[in-house]
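I'd like to ask you about the structure that follows.
The chains carry the letters A, B, C and D, assigned in the order they are written, with residues numbered from 1 in each.
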Amino acid sequence: MQLKKDYETVRQRTESICAPLKTEDYVVQPVADVSPPKWHLGHTTWFFETFLLMPNLEGYTEFDPQYNFVFNSYYESVGSRVIRTDRGNLSRPAVEDIMRYRRHVDDAMYRFLEQEHTPEIQALITLGLNHEEQHQELLYTDIKYILGHNPLMPAYDPDKQSARSAVDNTSWLHMKAGIYEIGFAGEGFCFDNELSRHKVYLGDYSISTSLVSNAEYLEFIQSGGYRDFRYWHAEGWDWVKNNQVTAPMYWYLIDGRWMYYTWQGLQPLATDAPLCHISYYEAAAYASWKGMRLPTEAEWEAAAPQLSWGLRWEWTESAYLPYPGFTKAPGAIGEYNGKFMVSQMVLRGASEVTPPGHSRITYRNFFHPPLRWQFTGIRLAK
Amino acid sequence: MQLKKDYETVRQRTESICAPLKTEDYVVQPVADVSPPKWHLGHTTWFFETFLLMPNLEGYTEFDPQYNFVFNSYYESVGSRVIRTDRGNLSRPAVEDIMRYRRHVDDAMYRFLEQEHTPEIQALITLGLNHEEQHQELLYTDIKYILGHNPLMPAYDPDKQSARSAVDNTSWLHMKAGIYEIGFAGEGFCFDNELSRHKVYLGDYSISTSLVSNAEYLEFIQSGGYRDFRYWHAEGWDWVKNNQVTAPMYWYLIDGRWMYYTWQGLQPLATDAPLCHISYYEAAAYASWKGMRLPTEAEWEAAAPQLSWGLRWEWTESAYLPYPGFTKAPGAIGEYNGKFMVSQMVLRGASEVTPPGHSRITYRNFFHPPLRWQFTGIRLAK
Amino acid sequence: MQLKKDYETVRQRTESICAPLKTEDYVVQPVADVSPPKWHLGHTTWFFETFLLMPNLEGYTEFDPQYNFVFNSYYESVGSRVIRTDRGNLSRPAVEDIMRYRRHVDDAMYRFLEQEHTPEIQALITLGLNHEEQHQELLYTDIKYILGHNPLMPAYDPDKQSARSAVDNTSWLHMKAGIYEIGFAGEGFCFDNELSRHKVYLGDYSISTSLVSNAEYLEFIQSGGYRDFRYWHAEGWDWVKNNQVTAPMYWYLIDGRWMYYTWQGLQPLATDAPLCHISYYEAAAYASWKGMRLPTEAEWEAAAPQLSWGLRWEWTESAYLPYPGFTKAPGAIGEYNGKFMVSQMVLRGASEVTPPGHSRITYRNFFHPPLRWQFTGIRLAK
Amino acid sequence: MQLKKDYETVRQRTESICAPLKTEDYVVQPVADVSPPKWHLGHTTWFFETFLLMPNLEGYTEFDPQYNFVFNSYYESVGSRVIRTDRGNLSRPAVEDIMRYRRHVDDAMYRFLEQEHTPEIQALITLGLNHEEQHQELLYTDIKYILGHNPLMPAYDPDKQSARSAVDNTSWLHMKAGIYEIGFAGEGFCFDNELSRHKVYLGDYSISTSLVSNAEYLEFIQSGGYRDFRYWHAEGWDWVKNNQVTAPMYWYLIDGRWMYYTWQGLQPLATDAPLCHISYYEAAAYASWKGMRLPTEAEWEAAAPQLSWGLRWEWTESAYLPYPGFTKAPGAIGEYNGKFMVSQMVLRGASEVTPPGHSRITYRNFFHPPLRWQFTGIRLAK
């Protein structure tokens, strides 16, 4: 039973990400975009309970009817829910209660996974696992935010290294004009927003073989990039001024030396590491300062088989919009992606905290332009 | 001198739009997106003074050095400026002072237009005229907002009719898959955001030959469209709930009868008129309710030679992003379009208040998704 | 008919205050506390129409039923109203319409004033006149704000002098401990908040015979008063920091020289003039810096027969609360004062823009602690 | 050593209040006025460390220099601090770290309390104990808020009863006009805001011998008190409408039955219990509806020797202002009370969660008018 094995792997990995935390770390929500770790633990469990066990497992007993209110994220179809900014106000259910909830649902899921299932049910289980993997990445980013914004700046794990692979000498991959195909096709799982595979026409372009490094970005800072409106979108410039932004998130200039908050606490900035934790505005401003641009998502996907990627989610110049022929699934699952297709930008690739095997070349990640608590970076095009 | 004649026509048209106003109407700014009419009168004049007369007309005397602070809209290159939400707090310069300012600049421009000019200067004059035409449309939309949100709902002009041309029987124009070219090419003026002309691949699609009518949109309202989250983007649904939206702007249900604020004051809703004053969220929700979608801007442009358009700015499913090869002009003029290319949606066509001859098939208008004080409408695709 | 003569005097004085304005100046509302001058002109008229003519003058025709919505200030009993922050968004009714409204109501009032009236009606007319006098002072303060916050800083009237009477040598009036009586008694008009006259016990105290001068306040500024939290209430210190306050309103340090916006435009600060335009927080901080305090309103009233006062509203250390035995009148008039008796501080005296004869020794003015667009000053006690 | 014994009692009582909590409950801050319990535990400890041990105990080693930043509440003299609304974002220091901090400081304090001390030091220790007692009451109110606003509404302690002593038949205590003395005098501890004892003149008045009961307040609700503006201050009426207030805090109308959140979870409302958890606005509106008023703090204090009090903090009609002769202590301790003497109302008495022996007849508690998470009630006067 591959699915059962996958289920076990995914569920355990979630809990192992949380293992270094103190109980208090599971509770807080310093900003609206960050969710408390215990909420992620409950919400991913609620997904299996709500969409698989409740409708399909005979004799299943709901763990606690009030949990639907607490752990529903954004599914309007499934009733009212705690508003997002209130998640950090909830001390209960306690972590131990949520762990009992996980055990309760896991036990039922193991029984359920013993049964024969229709392809639809199997697809839904796979969706639940991919969903939990997405929350594994969010757990990492949210935990980093919680600890990294605490005045004590505690380490998450003194042994966990950050991606620091030396950046290769940058070169340019030249792509010929013509019709390309993008979007998912073939076997295996994909999200609905990767469908359907379709043709796009691309003109000649070049795309960098490497990500922008911290050292390169430092040049932008030191040449006054954050003080020159010419490189910025108008709303990006407002963002810089209103938030007094002078560097990427987690960068601190202390006694003339750039420091960076890592899994191991505050460390000297690794200049050869790929730049991380920047907003779309910063990515676009940096590209403008270089006299270049960001790739579109189609350009990225067409070139990606020949590129090395996976350390940073790479901001593209594409807005998050439906592909030709996109349709929403009926019911609550249809709320998964389509309703977010406005006002966000697409990111491609994967990051050092993306679960292994989770992403693929057609994967479409998306965030609002000012956000930067994700592991985001820059690849240039021209 | 065609340019001189054009200058005279455009400048006079601006003032004739304002002719029905009372002095008080020139002053107010009920919301941030609406500017006081006297600000438009001054700002369009400031454009000619700042970018043409000051650098190029020998012996020109600036009308008042403080006006730069008052009438600069968003040009960071040209110094500090009154913040947008404060425009309605300025009782001075008075309307008569601004009219003297217009006379002063017009006199100098007429002298200037007698001279021989380089193509660059000529292009800048043409840009100034197109800029003023854009503000003519904004004058109409802002005046409608100012009068239409006054509790007395005064008429703008008792003789001015709204577009009411009966909507033809809807039919579908079928377009074949293939490579199309979009973007401006050839002689004459265009904005930088229409450049450069480039190829796009489009799959098979169909596009409606007519705009959605008030009667059709009423069906959406009456079937509960504003109360069913399934048709809405997540941020659109928040917008509906936070603003308690139940109908397009300027629609009022009074004693069971739908009324609509027009140039002639409050009138019974013309059911056969093309729908107007809706947000992108409403356009997308209506399309979703119909089981269809909005066209992309490339689909729109490829089909438009065979369509009738011009009564409504038509929301597309395309975000406002740079075309391949887009570059910003150096200096202040480079701030015209490029820095707004994030978080907005493209509208195509023109509206009943667009100056005659101002728009064209490659024209790219753009607004944020929730805005609806412009003359916006819906054309469906599938 | 004294009342008729008073009516004529008061109504004309209101219009003469507005005489130097341009039409545009009547319209704007730069902050919520400031009302557009045309609103004051309409609202004072609405008071007579609503509370006197409509219920009492046979055959009176309401000028325009929609005006109640526009010109009601805060009377919940009299229907819904334009919310305060929207007053500056109303271009209509135009100034000329409001002037016709004033003529219409004045004509009717003159007829009404010919008749015999009960004491209750007479009292209501007198209240209407005192109400309009209060708005005369607000007209001055609001006009100063509108013109003084315009980047062009136009003069209101080049011939209108500010109070500049040299401050006498300060001396101290010593008051003996004992029972004093405060509150209004006797003939003539008073507001309900001055009632009833009652005994208070005061300990020994001393009160300054003069107001704090600009020169004295400059010492506070120059000794770092705005940068030292020790002199400030906690919420005052937040106010200083959030608003970056460094001087009284209308003070500008230009090229090392203190300037002050007056009726005649920007002028060098008159150091011997009594300090003006300060918040309660600043008054209390100054007193604390001097090692003294502000008087209570009872101390002020007990001493005032022996003091010269009338140039500045003097902040006291008393909160605005009901006197013993205070009762609200039934009906809308009962909303005049009582419902504001929380979260405000009492000011005593009068200012250079208070109508002659309007104030008296028992008069209780009141504002919220951070406000300073009124002509407020400081008298010390110890 | 009485002081040492007192120290032990107070410190242990704080921890016993927290004993029923889960670790997660120590962390959250649902609204700005509520602090996380672990913050109270740390802050009260920080007070002893900062004001006693650091300056006075030779050889004392600061537990962690970063704790000053975390646990300073509002003392500007003692450096920068975590802003109040961010306290709930801090998962570290963990509860166990704070408990070690308490042990560290307690050990040092026990050594310190063995020594001989000046009266000044003794007074400061006593102040520290009274300070911690104030936080004990805040711990109760904040814990009730945290658990009572959780959708699961967990009980704090299934055995802890709420005050439910039957309200006596109400009678009126009549007080004769004359001079009374209020304020603290004599031996023992008092806060600086109770000084100095001084004379006040009071007219004849009557004060209720009992607090308003839930049953009495229900009559106000059922007669439409929350829907009739006439009983409310203007800002109270805005508060009712903006927050859609229809009952005291923790009251829920479920299936036609009034329920109330208690230490034991949600329970049927005890109609004979004294009303609790109301704002000043509600207290004043109720009094107005009864045709009565709230007592002033002087009236309360003059009558209190003959009254039973201690179940509810009783809102008075007095603003929180300095007594005659009030002076702030020099240094950080001077920030204890004086800087809050604006915009708040005085409450007298004590509540069911005030530590035994903490309050006294001259005690002046104070809160902003809209707050109601404290155990507040109403006593009428006339």
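Here, a contact is a pair of C-beta atoms (placed from the backbone, for glycine too) under 8 Å apart; a residue touches a chain by one contact, two chains touch by 3 or more.
By chain, UniProt protein names: A, B, C, D = Ergothioneine biosynthesis protein EgtB.
If you're wondering where the values come from, they're calculated on a predicted model, not measured in any experiment.
Within the list B-C, A-B or C-D, A-D finds its counterpart interface, over half of the contact pairs alike by residue number, in B-C. Taking B-C and A-B together, the chain pair joined by more C-beta contacts is B-C.
Chain C has its Cα centroid 57 Å from the Cα centroid of chain A. Chain A and chain B have CA centres that are 36 Å apart. The geometric centre of chain B is 45 Å away from that of chain C, both derived from CA atoms. Contact of a single residue of chain C with at least two other chains is seen at no position.
The touch graph of the protein chains shown is a ring with every node of degree two.
A list of each chain pair in contact follows: A-B, A-D, B-C, C-D. Per the touch definition, chain D reaches chain C in the complex via residues 74, 76-77, 177, 179, 198-201, 203, 229-230, 232-237, 280-281, 284, 293, 317-319, 321-322, 324-325, 334, 339-343, 345, 369.
On chain D, the positions that touch chain A within their shared complex are 22-30, 38, 66, 69-70, 82, 86, 88-95, 146-147, 149-152, 154.
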